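Multiple structures follow.
Shared between the two complexes below is subunit A, which pairs with subunit B and subunit C, respectively.
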Partner chain A sequence: MSSMPQPRTGVIHDIGYQRYEGPRLGRGYAARSLYVHSVRSSFGLGRSAWAKVLPIGLLGMASIASLILVVINTQLPEPVLDYAGIASTFTYAATVFVAIVAPELVSVDLRTNLLQLYLSRPIRRSDYALAKLAALATATFVLFAVPMLIMFAGMAFSTDDGIAGVFDELGGLCVGLLAAVVHAALLAAIALPLASLSGRRVFASGIIIAVFLLTAPVSAALEAFSYDSAAGHLAGLIDPSRLLAGVDQWLFGVDLRLVNVGGFGAVYGLLTVVLIVAGTACALWRYRKVKS
Partner chain B sequence: MNPTIMRLTARALLGRRRVLLLLPMPLLLIGMTVIGVTSGASDDEWGPPVLGNLGLSVILPLTALVVASSVLGLEIDDGTITHLLTKPLPRREIILSKLAVAWAVTSAATAVPLALAALIAGSGALAVGMVVGATFASLAYCSLFLALSLLTKRPVAVGLVYIMLWENLLVGFVAGARVFSVRQHATAIADGIGGTPLLSASVSVATALIVSAVFVVVGVVGATRRLGSFALTGEAS
Partner chain C sequence: MPWNTAGQYRRRVPLIETRALQKRYDNAVTALADLTVTIEPGVVGLVGVNGAGKSTLIKLALGLLEPTGGSIRVLDLDPVRDAEKVRARVGYMPEHDCLPPDMIAAEFVTHMARISGLPAAMARDRASETLRHVGLYEERYRRIGGYSTGMKQRVKLAQALVHDPELLLLDEPTNGLDPAGRRAMLDLVHRIGTEFGISVVVCSHLLGEIERICTSLVAIDAGRLLRSATLDSMTQVRDLVVVEVDEDVNKLAAALTATGLDVRRHEDRALLVQADSDAVYDTIRDTVADLDLALHRVERQRHQVADLFRDLPRTEEETRVVNATA
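What follows is the complex of A and B.
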């Protein structure tokens, strides 16, 4: 019976739609576009002037601070702060930056159910999470790198040792940029999963900043209780910004008295790597669960 | 004051599990105080880092920021503010009701654990000082952040910049900035009443009272005027 041909009841009329025959740009292109768009929007580029005020303002303040440092460094026989030192010192401003920018990148998409629109394109959930994470890390890196480049320009022009002095500064700059990569990766890996917990920017910002603000005095107090003992050396691990200062101290020999790692430098480095990996895994896991 | 607005605001703020979000910070403060008391460090060693740097300068402003910018900010985000604005109520009444709820919640969530911490530290006078200081500073913070939630679309971001860059960073470099830092007012009032080495204040109590009162008036008047000419825009929140 089923072999009998069904009577034709309907027909699709050819009303002249053309097939798309151009190149199909695929998953990588979509993920790259999302990344570029996210980096731009984290500085408010392509948005209203009000969206630019805070991120650009923070970047501007960091740049001015670095200009002042150039002036001080050139006047004194020994520079007060080198490139890796900038990474350690500006981490505080960078925590404000990620607390403002991370909710901007992910919370609005969650609240307005925009994720399903993204996923109707050839990107996957993991691509979305990684693109956002990479965008936040890049934006944070820029916040560190611009003041360093300004400092490099200032110091290179005012060096007394000719071309050797310039290369000296260039070496310092490379170390500083390396530190900036570590700082940006850790801050982004902590902030992004936290921001993706809430579709409300109010609460997302609140959670992120609570983590950074609350751990700082706890860590400082624990260090004060047990100064110059193993527990005191390890107290800096609790606070992300002092953890990063500890890594700078261990890898690059920055000593700003922000933290005293004692003989535990490797522990600071290890915990940083663990946190970056865990943060990335949390972001991926979180976006596997988000409904779309 | 309008009891209906207050009831609805309190329910939106504390309903379901949201009230649980306020719990971790007080618990952390009590825990750190217990560690401080039992660590054997002297009062002026552990007191300022825990009660001052953790309690009065992080937990108090952070609670006030989240609470005060959400009492009105969430309604603006959701668009339910239109229901409120179309009722025949003076705008002043809306602001005062919202502020009262924010103040009550912030004070309860900060003054009680701070007083408990002071009691654990063994100073009843400081406990009274903490209650008065935290309650007073809550009012100043709440009026400021409530006004911010009307003046800008990103109240938390601007509030964070005030707390972290002004109160925590700039005050360290420019001593004069202390006069305009609510956190210093809270410390001054609490220390003025308590008079223990557990806190160290750097502005006078009179300055603290006057400047905080100015903050409250500016915040309430600014918020009321702003809400009086409030324009709903369709821009993405």
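What follows is the complex of A and C.
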């Protein structure tokens, strides 16, 4: 840290203990502070260099991928991937991201007993759970949004249709960001309650990765057995990544052949909402029970 | 002690007031059974052996646990119903490690100040100030993980103090410290209680250690109140000096008794002398010199919590021994 210029009086005045007479902002402010702090620490800000490597690295890789997409999209007559498509394809990177970040946000607090210090302050247990959940969702949203913004910047500058082309891209970006919100909310609502089960980061990451990885082959196998039947269309519900791809397909018409929802798009949408609500409820329940 | 008054503390309401307080955990362990005590402003030592219910009482005071019976009020508020208000005015330093190793101390204390409701700029100022008060000013931009145990304890104290609470709850603040570190920590707690004017409830299982910084003591055992009194009344009769000599203990006992001191036999070759004033030390020295005895040690008796369980004065047998030799 750089040292402040010291007044050259040569005397250190100990003014003694000063009582604090200023404002004391309540619970809402405290919860917001925890939220902001948690978003920052998701990317390792305010923490050691090692803590930045994985989250910033993932964000960097996603950004580079998006730059490459800009180049490919501008060279080909039809763009290969639009904004909502980014949401669908980057879901796998985002699952890795939440598996790294969620334990960082909640397991560490359990392990170091820091939770005890939070709970002895004006925030409530539910405030803690919601602030952490919101922080994880926000950080995950950033992971989706940054590549989309890069793509938007690249596409808007290289459009041949003038201002109309820019507005076209802007419309696409808005759709993409909407998809990013859905993806971030679901991934966070699944990962955070899982991470809060263990105080050990490695275990917490393992549980999250396991849920995402183990559901994928089951879902794929089910689909392979019954392709183009109702069961095949519904097979994607089991795997969170394909569930999200299904929602993208239903809402935004993204078809990357990750999943085939057939006429069941609304079921994908409904299950997504149910999972987000259930995940939030689980997180709240978990922190009502946790020992302080 | 000149500061042995509640006047300087901002409030005169009792810090903690319990009535038939009971806490039973789910697994049927009773941590507190029928505890009725009123803790007045000041530096209060909460003593008891490990498992006596000290930490449980602290957690009930913070509203982290709910009582299963009876009532507890903190700063005249209900810690469960008015949890937010109570916690904004109380600082808590837990017994065990609770710090994130990869955060910088100054940032961590600032963050905790904000969680207590201080605006960002004020939080930063007060974090630096508080770290200075606990003696970590130079090292405040280092990561907590690289701190020694003593420094970590100071950070724990700083985060409890940063929002200028009216009441500090310290759970075994000298845990894991070496003798010098213990002394420094206790001096700091003493300063907080006197110069800063913040009431402190400090838990310890070592009475001898905290008696010198406290204005009153509350002793609990097996979840019940054992004793509650100002320090003067509790330790008056306990201010004892151990005098150990090589031989002729009985002769020394007789000589000291003759000077009007209350003397009892202690261990094999030692005596316990009640010391009401510093002059007693002079008397002991002179008497030993007059009798030409080899003096091994003269030291103030260190009390343990266990001493509070014994009835005072000592056993009749000891008294008889002294009387017989007189």
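Definition applied: the second predicted complex is superposed on the first by the 272 of 292 C-alpha atoms of A that agree within 3 Å, B and C clash if a C-alpha of one lies under 4 Å from a C-alpha of the other, contacts with A are read in each partner's own complex, and residues count from 1 in each chain.
The criterion applied here is as follows: contacts are C-beta pairs under 8 Å (C-beta built on N, C-alpha and C of every residue); 3 or more make two chains touch, one makes a residue touch a chain.
Note that the structure is predicted; figures quoted are calculated from it, not measured.
**Q** In the superposed arrangement, which partner chain does A:Ala156 touch: subunit B (first), subunit C (second), both, or neither?
**A** It touches nothing on subunit B or subunit C.
**Q** Touching A:Phe203 in the superposition: subunit B (first), subunit C (second), both, neither?
**A** After superposing on A, A:Phe203 lies in contact with subunit B but is clear of subunit C.
**Q** Touching A:Val108, do we find subunit B (first), subunit C (second), both, or neither?
**A** In the superposed model, A:Val108 contacts both subunit B and subunit C.
**Q** Is A:Ala99 touching the first partner subunit B, the second partner subunit C, both, or neither of them?
**A** It touches subunit B, and subunit C stays clear.
**Q** Under the stated touch criterion, which partner chain does A:Ser48 make contact with: subunit B (first), subunit C (second), both, or neither?
**A** In the superposition, A:Ser48 touches subunit B and subunit C alike.
**Q** Once the shared chain is lined up, is A:Pro217 touching subunit B (first), subunit C (second), both, or neither of them?
**A** A:Pro217: touches subunit B, not subunit C.
**Q** Considering only the touch criterion stated at the top, classify A:Leu67 as touching first (subunit B), second (subunit C), both, or neither.
**A** neither
**Q** Pick out the shared contact residues on subunit A: the ones touching subunit B in one complex and subunit C in the other.
**A** In the superposed arrangement, which is not itself an observed complex, subunit A uses residues 48, 50, 108, 112 for both subunit B and subunit C.
**Q** Residue numbers of subunit A touching subunit B in their complex, please.
**A** Per the touch definition, subunit A meets subunit B at residues 48, 50, 54, 58, 61, 92-93, 95-96, 99-100, 108, 112, 200-203, 205-206, 209-210, 213-214, 216-218, 220-222, 224-226.
**Q** Mind listing the subunit A positions that touch subunit C in their complex?
**A** It comes out as residues 1, 16-20, 22-27, 29-30, 33-34, 37, 46-48, 50-51, 108-109, 112-114, 116-124, 292.
**Q** For subunit C, which residues count as touching subunit A in their complex?
**A** Listed in rising order, the residues are 59, 62, 64-65, 83-84, 87-88, 90, 92, 94, 96-104, 107, 111-112, 114-119, 122, 126, 129, 133, 141, 143, 159, 163-164, 195-197.
**Q** Could you pull out which subunit B residues touch subunit A in their complex?
**A** Answer in residue numbers: 21, 25, 28, 32, 35-36, 39, 41, 45-46, 49-50, 53-54, 57-59, 62, 65-66, 69-70, 73-74, 77, 152-158, 160-161, 163-165, 169, 235-237.
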